[in-house]
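Residue numbering begins at 1 within each chain, and the chains themselves are lettered A, B, C, D and E in the order written.
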Amino acid sequence: MSIIRVHNVWMEYGDQIVLESISLVIASGAFVSIVGPSGCGKSTFLRMILGQERPTRGIITLDGVALPHEPGPERGVVFQRYSVFPHLNVLQNVLVAFEFADSPLTAKLFGSRKRAAVEKAQALIEAVGLGEHAQKFPSALSGGQQQRLAIAQALAKQPKVLLLDEPFGALDPGTRAQMHALIKPLWRERGMTVIMVTHDLKEAFGLGTRLLAFDKPRTDPQAPERYGARIIYDLDLSRDGPVPVLGFSKPIESRATAYETTRSTSHA
Amino acid sequence: QAYAEPKKEFSIAWTIYVGWMPWPYAADTGIVKKWADKYGIIINVKQINDYVESINQYTTGGFDGVTATNMDGLTIPAAGGVDTTILIIGDFSNGNDGIVSKAAKTIADLRGQSINLVELSVSHYLLARALDGAGLSEKDVTIVNTSDADMVAAFKSPDTSTVVTWNPLLAEVKAEPGSAALFDSTQIPGEIIDTLMVNTEVLKDNPDFGKALAGIWYETMSVLTDPGEKGKAARTAMGELSGTDLAGFDVQLAATKLFVTPQEAVAFTESEDLVKTMDLVRTFSFDHGLLGEGAADKDAIGIAFPGGRVLGSAENVKLRFDASYMKIAAEGSL
Amino acid sequence: MRRAINIVPGSGTRILLVLLPFLLIAGLYVVVSAERRAANPGDKLLPPITEMAESVRRLATEPDRRSGNLTLWSDTAASLQRLFIGLGTAAAIGLVLGLTLGLLPIASAGLSPLIAVLSMIPPMAILPILFIAFGLGELSKVVLVVIGIAPFLVRDLAMAVAAIPREQIIKAQTLGASTWQLLLRVALPQAMPRLIEALRLSLGPAFLFLISAEAIAAESGLGYRIFLVRRYLAMDVILPYVAWITLLAYIFDWLLARVARRSFPWAYVQEAR
Amino acid sequence: MRRAINIVPGSGTRILLVLLPFLLIAGLYVVVSAERRAANPGDKLLPPITEMAESVRRLATEPDRRSGNLTLWSDTAASLQRLFIGLGTAAAIGLVLGLTLGLLPIASAGLSPLIAVLSMIPPMAILPILFIAFGLGELSKVVLVVIGIAPFLVRDLAMAVAAIPREQIIKAQTLGASTWQLLLRVALPQAMPRLIEALRLSLGPAFLFLISAEAIAAESGLGYRIFLVRRYLAMDVILPYVAWITLLAYIFDWLLARVARRSFPWAYVQEAR
Amino acid sequence: MSIIRVHNVWMEYGDQIVLESISLVIASGAFVSIVGPSGCGKSTFLRMILGQERPTRGIITLDGVALPHEPGPERGVVFQRYSVFPHLNVLQNVLVAFEFADSPLTAKLFGSRKRAAVEKAQALIEAVGLGEHAQKFPSALSGGQQQRLAIAQALAKQPKVLLLDEPFGALDPGTRAQMHALIKPLWRERGMTVIMVTHDLKEAFGLGTRLLAFDKPRTDPQAPERYGARIIYDLDLSRDGPVPVLGFSKPIESRATAYETTRSTSHA
């Protein structure tokens, strides 16, 4: 079980309100896609769930317990870049997750405990299709392979929640398609809750069971910082045909007006 | 070698030491200019902080004259092939150099000790003489080369037990609680001589330069030794120049045998003792490799004395004690 | 006519170009030295190369009259020992403080300004205090080297550690790493190549401080010899010693560069586009 | 219990943390100084702060009898003049050679190894030659500062210029730039912020070399005064002078940082994702 | 006019043959798209036309004259990244092109000459839609805006040939579409010859009038460096419906076999 509840959460940086009054329940095992214009606070939202930042108001709970205000092994993460350790090879990058847990002092394993951990790590590496690259350093991997590795790493701790911040944003379309084919079965098998931020609407619709769109519903041109973003769409994609929404296929910049007309349909 | 054009402008270097403080005082008070004008030349008096550097600069031709001791004159310019004339003998150390120890009470106690001093300097010579007198040799002690500027601080360090040094450092070291003076230059009078030396060739081509220097020196001497307010003011100024005050300067002066009049200096220069001293000095220098690798024995470099006496190779005279300018001063015919 | 910027010398020309300035300097030296000798046969400032070679031979092969050691080698051994202990200590301090300051905001807030101020103090000016605190023996020489280069190492490593992408730090935490484990397995290995680069940059200053320390109080060492023979302007010893120090520094620099590339190959790959 | 790494001090705590180590050191000084005085009333090594304040007052407000100048200010003026001329000259050399070496492969092939070797020579060891070559006047002091820091500046700037993406160099050529124009409009402005950073790093060494030069031949200056009073172990003068030098270096560092951020704002923006 | 002729050009780095026996005529005013697997030598080919590198064999002519072996103002270029000067603002970035030409010594213009150049630069900046950003530094621009600026810069010298090396590779799909809408009319108006390397086949087909595919027709697994890439497809896209080619829609990695079967249809 891993139900995330977000209760009336606000995030402000100094004067600037980034997110305002976000309330939301994410069911266990959901695959939530988050979209929205650049700078609207998608990553901020993810950082709060990750525990990297603390909301200025409101509370977030995981399975009824308030989230600790720092990252922990129950929530895995994959960023767009810099997500793997450049000084460790593929195997070590995954192995280190087991070593952190089993060897508090040296974070190194030896002998039979090491062999057991290596086996588990190898299995994960095979699962993401990096079996033949286990001895390579990240710098020798392509962007797509690095992101696969980051996913294998994140899965090592069997997190309840997996957070993805534009994980495939830097990949070319072909590789991106491969990654989609990889992540979906992994999510299904493990029954994790996944929250993924993306700029690619096709990806958001293709992978998610639920889609959240963040944006500022209101802006004051004289004081843009006075209004934060909210959830302006919340679509259930698990039904057979989600209602297509006006304006989504236009370029991002010109979307604001489209939002404006449908603002009242806001979050449930 | 061809005679060079007579020069008009000369420069001499000085470093802070009680016996040489008259030079900057003379420059500051116009005595230098007065005498230079008299002979129609210009004399620059320049301070160098690092003593060895000042002699090195002189040796390589940066200066026409420099304040230095008899031993350093032999081992640096003379051994470096620069024919050098000791023009003015200002004083000899009479307590300005000494050995001070926190551990030993006598020189004999020094056996096996480590001793901090400026290696190859007059301190080293003083130590050698002291050890000699006590029947010890340098092999019986460990010598740690220590820069003069840091000697006082070094003596404060717990690992330092004995130092050999000169004033004003000596006075500072002696003031340290628990320290005892084991030996000083009063026990080898006349062996550590503070001089002004000039390049022989420059002097030969420009005798007026020598005369002006002698004139400057003895006029300054008379001011310095004036028993009244004038002398006190001069000594105060010199004290401040060297970083201390009148009292501090007077203490240092008391440990210095100044040749106040040219007559005394001439007598000292012409005495047989000077030859004996220089023989000791050149023996020490040769033993320590200071005469250069080319020197086969201590006679390699000739030292000339008034009256044509030469110690060592007469073909290779590089250091000359010349009393003639001091004599002219003594005769009052400058 | 091509732009100057587009002219790339071939490998033959390159070797020639490298040698040219060195040969020019050597040639200039020979000429000036000969001129000075012609003017004064006893000149010591720029001795001819033969004379320097003879001095080196003597220092390297004839035992010293007083100690019985071969001067050049015993000086080198004494200096290198001090240098390595100094560099090692400074590297250890640099690593420990650099990692702490780079990783822990609270340590950085407290200590960074202090270290910035300390790094500006000219160590030569506070020698007396160092003497009292560390004595006048081997320790004080090593300490001078350490004081001279450790602040730079600390600041450089703290910057390098602080520049580790935030993403990695977060990632490690989601993998369950404690602060100590993060330091040990994430920050430390990534700081190592930087430490070696910083040590390479510190070699020149380290030798400088070592020589200064040996000039102040010593019984042997490269700096000791240079300042001792300066007393009689024995440039035939000083110049070869300076060349020797330069060569040593150059060799260490090269060795460190090799070690870094061997041990941390991942740090020397161009980021994949 | 949060990980140490996640504890970020608030701004109040931060000020406290900054002051804490300084206050600790000051407190330690007062205690040790008092103890030494108790043991030996004539102790000069660690004078009480009141005594140092009195010395500073005297040096800063009472004219020197010989020159009529206020010692502290005339020393500072003399040293700073040398420092600035030295830094300026080194910066100019660094820019000219750095741009040339960074931009022209042919210059780099010929001169880079030479400069690498030169940068390893400890300047203190060849002081006699420097003094002979440049005299004992102001020039030699400035030259020591220049020799001490210019090789670093040259190498650092050459590296910075060589790191300008190849794409920009090509682009400029397709816009018709000659080598000279490229140097002037593309390489030079991009080297400037790096020059300032390198100068900041050089402030400490520059003061060090200046003080060393002033200790050997000078008649005024901060280094001269420290050297002069060192023989009497007048720590009541030395310590305030050291503090003053440190403060000056810190201020220049801060000023340079500000100038860089003001003049080259583009160099201090995070690269847009 | 700007006809580029490539006569039997080879490119080798040491032992490694990168390109072999490339011969080709590019008509004036063509828009040539180049595709091919990573590392096959597309950028190398572009660098040779740019004059940045010299072919080891063969010759390239522009309008009958051998190309100078260094970049020059008749050939403009836009790279994927680092193509604008970070220390100059938008206006200065374009202005500098005029200053290089008109002020050999200082590369700075003053007074009326400056005003004239500023006017021309402004016009170009307007043309690429950066009118309101003229005073911003590149760091304040988005990736797409930076590439627009790079294009404006390249156009300033009115080059006969414009070379684009994955110019939109780092942009997100929305921005990429905008850039396509920008570049096509510019190319038509100016009658330049454009050569563009891209990884995006849709882009290659959508923009080009001609498509070149580079690949190694043959590989020896024991000595992969012994065979260089050649042009394996050369399609005229200006005809109404270019024949769709087998394998092009598959991910790049699995394409080799498809090439193998059609190798004999190689370049005209």
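In this text, contacts are C-beta pairs under 8 Å (C-beta built on N, C-alpha and C of every residue); 3 or more make two chains touch, one makes a residue touch a chain.
What you see is a predicted model; the values in this text were computed from it and never measured.
Participant: Return the chains shared as contacts by subunit A and subunit C, ordered by label.
Facilitator: Under the touch definition, subunit A and subunit C have D, E as mutual neighbours.
Participant: Leave out subunit E only, then trace which of the remaining chains are still linked through touching and list those groups.
Facilitator: Ignoring subunit E, the remaining chains still form one piece.
Participant: When subunit C meets its copy subunit D, do both sides use mostly the same residue numbers (more than half shared) or mostly different ones?
Facilitator: Here the answer is same, because the shared fraction of interface numbers exceeds one half.
Participant: Find the chain most remote from subunit A, comparing centres computed as mean CA coordinates.
Facilitator: B
Participant: Superimpose the Cα atoms of subunit A on the matching ones in subunit E and note the rotation angle, 0 to 180, in steps of 5 degrees.
Facilitator: For the C-alpha superposition of subunit A onto subunit E, the angle is 180 degrees.
Participant: Given the contact rule stated at the top, which pair of chains has the most C-beta pairs in contact?
Facilitator: C-D
Participant: Measure off the straight-line distance from the CA centroid of subunit A to the CA centroid of subunit E, and report it in whole Å.
Facilitator: 36
Participant: Quick one: subunit B and subunit C, Cα centre-to-centre, how many Å?
Facilitator: Computed value for the inter-centroid distance: 38 Å.
Participant: Can you work out the whole-Å distance between the CA centroids of subunit A and subunit B?
Facilitator: 83
Participant: When the centre of a chain is set as the mean of its C-alpha atoms, what distance in Å lies between subunit C and subunit D?
Facilitator: 18
Participant: Taking each residue of subunit E in turn, which ones touch at least two of the other chains?
Facilitator: Subunit E, residues with two or more chain partners: 70.
Participant: For subunit D, what residues touch not just one other chain but two or more?
Facilitator: Those would be 3, 45, 128, 132, 173, 178, 215, 230, 233.
Participant: Show the residues in subunit B shared as contacts by 2 or more other chains, in ascending order.
Facilitator: 56, 60, 150, 152-153, 156
Participant: I'd like to see which chains touch which, written out pair by pair.
Facilitator: A-C, A-D, A-E, B-C, B-D, C-D, C-E, D-E
Participant: For the complex, give me every residue of subunit B touching subunit D.
Facilitator: Subunit B reaches subunit D through residues 13, 16, 28, 46-50, 53, 56-57, 60, 62, 148-153, 156, 168-169, 172, 175, 177, 237, 240-241, 243-244.
Participant: Of all residues in subunit C, which touch subunit A in the complex?
Facilitator: Per the touch definition, subunit C meets subunit A at residues 165, 167-168, 170-178, 180-181, 184-186, 189-190, 264-267, 269-272.
Participant: What residues on subunit D touch subunit B, complex-wise?
Facilitator: For subunit D paired with subunit B, touching residues are 40, 42, 45, 65-66, 127-128, 131-132, 135-136, 214-219, 224, 227-234.
Participant: Taking the touch rule as given, give the residues of subunit A at its contact with subunit E in the complex, in rising order.
Facilitator: 169, 172-175, 177-178, 199-200, 251-252
Participant: Per the contact definition, I'd like the list of subunit D residues that touch subunit C in the complex.
Facilitator: Interface residues on the subunit D side: 3-5, 7-9, 13-14, 17-18, 20-22, 45-46, 103-106, 109-111, 113-114, 116-117, 119-126, 128-129, 132, 152, 169, 173, 178-179, 182, 203-205, 207-208, 211-212, 215, 223, 226, 230, 233, 235, 238-239, 241-242, 245-246, 249-250, 253.
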